[in-house]
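Look at the two complexes coming up: chain A is in both, with chain B in one and chain C in the other.
Coming up: the complex of A and B.
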């Protein structure tokens, strides 16, 4: 059965509509959303309403959490003072616009969704704020998937879609205080694990301006990273009209491969 | 024997870098002055004289600043070389010294600096013409940023946005900007060349208080969004407490290194 995974919608209604239409055209009924329904974009209520109306199972993203809890993550998650101040402007605007009903909905979202050996999260199994980058240390990547008890981990947050296969993994342990009082070495080979990042529907940063999502076929294990055109001008116009920082529209329009990541992307805020 | 050279050309053609390479080749003493030139119809000059001189002086510490005084300068017997840099949008209408703009001649007379040689980018083959752009309309923004210190990752983002058109069609951008560790960074960009030139000046300010040296940003282009540029810069500049924190951390590191 084919299923679609979408992430990082960021209040961009034209992009969300275009992606859902693309999924519908392929006759795919199972859709999972990895969160960040709001933030940066001009249509927070419209996007939340659409996800609710379509009854799409959704994880809570970092923006969904912060908009409800009030900037729960400390400023260490921002890569620069400029990004932090712009982020705060977008946060304030979004908090003011979101209805209480939609805030309650975002607050009610789970941090992960599990279907057999498939695990769906926003950032990582540890936190909505942790970035699993495509080039992160292989041991750390394997640890994230294995410790969560998953074979395939679906995540978003980086806005860069990718598929990473972690093969030939093994865990070696040294046992002390064994019954025969001797130290024993044990090794366990792990089956292949995968991390699949769905990219971003509403704020792509993969070097193009098209919305991205993934389709997973659980019969063949085939993954397709999909790119979908949408009416970017409509979103950009709405950003300007809403009084959000115009630079958000500029970035969206140009689709620069310009991921604003903290210096230590794996850092997890513990505040 | 003293030689006075007048070097002119449109913004971004490489006047300052050409002068730097000539000074490096020259064995004797050198002097430098930059004349701001004249704005023409729809072509606005930018004031970047301080950036250019600070950059040259950092590269050639013995360079003499002729904007302050030329009285003590070289006698005719000196093996000295004086460069006068001039921003000029249009081609001179005559070759050689006869092509000097009459408005400039009176300035040169006041400075007692009459050129022996006049070269213009785009006219004279001694100078490269690969970067000479023919501007039809240009707006300029010059910002004095003395005492201001940038958050480095924010500066990186701002410069990326600036030269990629987020605040209008930028043709030319040049800057000397302070970062918290006491370094002054020289930024140089022209639309006709790929990438920006970044250079750390040799002169590093002590990490105490706000730096007093020259810091400027000059932008030239069309449809520049001055208000948005300024408001973005304000989001990038660090406040006193953040600067103190950076400087205290730097002082502690220096102290630890000496023990």
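Coming up: the complex of A and C.
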């Protein structure tokens, strides 16, 4: 059975509509959303209403959490101080626009969804704010999947879609010393695991302006990273009209973050 | 001069054990640096004398370099040093009575000193922490999966991690770690083999059980002040 995984919608209604239409055209019924329904974009209520209407199982993203709980993340949430300042403007705007009913909906979202050996989260199993970048330390990436008891981990948050397979690993563990001079040596084979990042529907940062999501076929184990065109101008116009920072419109057109990317993938939000 | 580290933890107000460790260390040759990896306080006894001794070492004492541990963290939370947090973990695990006993065991005079302590030290390429780089309550044991051990080392960017929270004494070495990574994204595919150099995790023990570490040779000595000959304990050696 094929299933679609979407993430980081960021209040961009035209992008969400285009992606859902693309999924519908392929006859895929199972859709999972990895959160960040709101933030940056001009249509927070419309996007939340659409996800509710379609009854799409959804994890809570970092923006969904912050809009409900207030901004209390540590510095790791933004790649730079400029990005943080812009993010705070968007947070304030979104908080004012979002209805109480939709805030309650965001508050009710789970931080993870599990289906057998598939685990769906926004950032990582540790935190909605942790970035699992495609080239982060391979052992740390493997630890995130394995210690969460999953074989395949679906995540978002980075806005960079990718598939990463980790395998053919081993490690030698030697007990060098104990109080009774016990020693022991064993070689352990590391499990094969997979991380699938769904990218971003509403604010791509992979260097292209198309919305991205992934399709997973659990029979063949095949993953397709999909790119979908949408009416970017409509969203950009709405961003400007809403009074949101114009840079949000600029980056939708360019497909990458204006500031540098977060690089410390091993950092865990210390709230 | 041989450089050694003495690592102790979990004294929980036990000044007598601390004095016996200090006495032991005086007999050891070499240049010794003393690290106290937290849990100086506890709920079992009044901790003021021990804290006072740590702050004001007696003549001849090795100067202790202290970090805070899980019990200090709980005390500071209950005393309002951690924002809105309280000693919830302690309350949940041991009950209200123990929380009250902990609060009563430490004079408020010492709270600012406890609050000024660091989460951990990085010395050379070693991390010295009460729990782990993930959490002060993280119990690293002899059975902790190696992927978790590597993760805790990676987070701190160190080759060796000294930990106390589990109260166990052990020296684990991780070698020949390799994992293959295959990434596919919109830009294409790439393969990478990642290897990790030799790393180590050392559990230092607690209370009367402590660890001596030879910095030059990477050797651990797991000691305690319970196994001493009786004559030594009586002081007639």
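We adopt the following convention: the second predicted complex is superposed on the first by the 241 of 271 C-alpha atoms of A that agree within 3 Å, B and C clash if a C-alpha of one lies under 4 Å from a C-alpha of the other, contacts with A are read in each partner's own complex, and residues count from 1 in each chain.
The rule is short, and it goes like this: a residue touches a chain if its C-beta (ideal position, glycine included) is under 8 Å from a C-beta of that chain, and two chains touch if they have at least 3 such contacts.
The model shown is predicted, which means the values in this text are computed figures rather than measured ones.
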item	value
When both partners are placed on the shared chain, which of chain B and chain C touches more of chain A	C
Touching partner for A:256 - first (chain B), second (chain C), both, neither	first
Contacts of A:170 with chain B and chain C, given as first, second, both or neither	second
First, second, both or neither for A:162, with chain B first and chain C second	second
Chain B versus chain C as contact partner of A:147, first or second or both or neither	second
Overlapping contact positions on chain A, where the chain C interface meets the chain B interface	none
Residues of chain A touching chain C in the complex	134-135, 137-143, 146-147, 160-179, 187-188, 190, 206-208, 212, 223, 225, 227, 266-268
Chain A residues within the chain B interface of the complex	79-83, 85-86, 246-247, 250, 254, 256, 258, 260, 263
Of chain B, residues touching chain A in the complex	151, 153-154, 156-158, 160-161, 164-166, 228, 232, 235-236, 238, 242
Touching residues (chain side chain C, partner chain A) in the complex	134, 142, 145-148, 150-151, 154-155, 169-187, 192, 194, 196, 200, 205, 209, 219-220, 222, 224
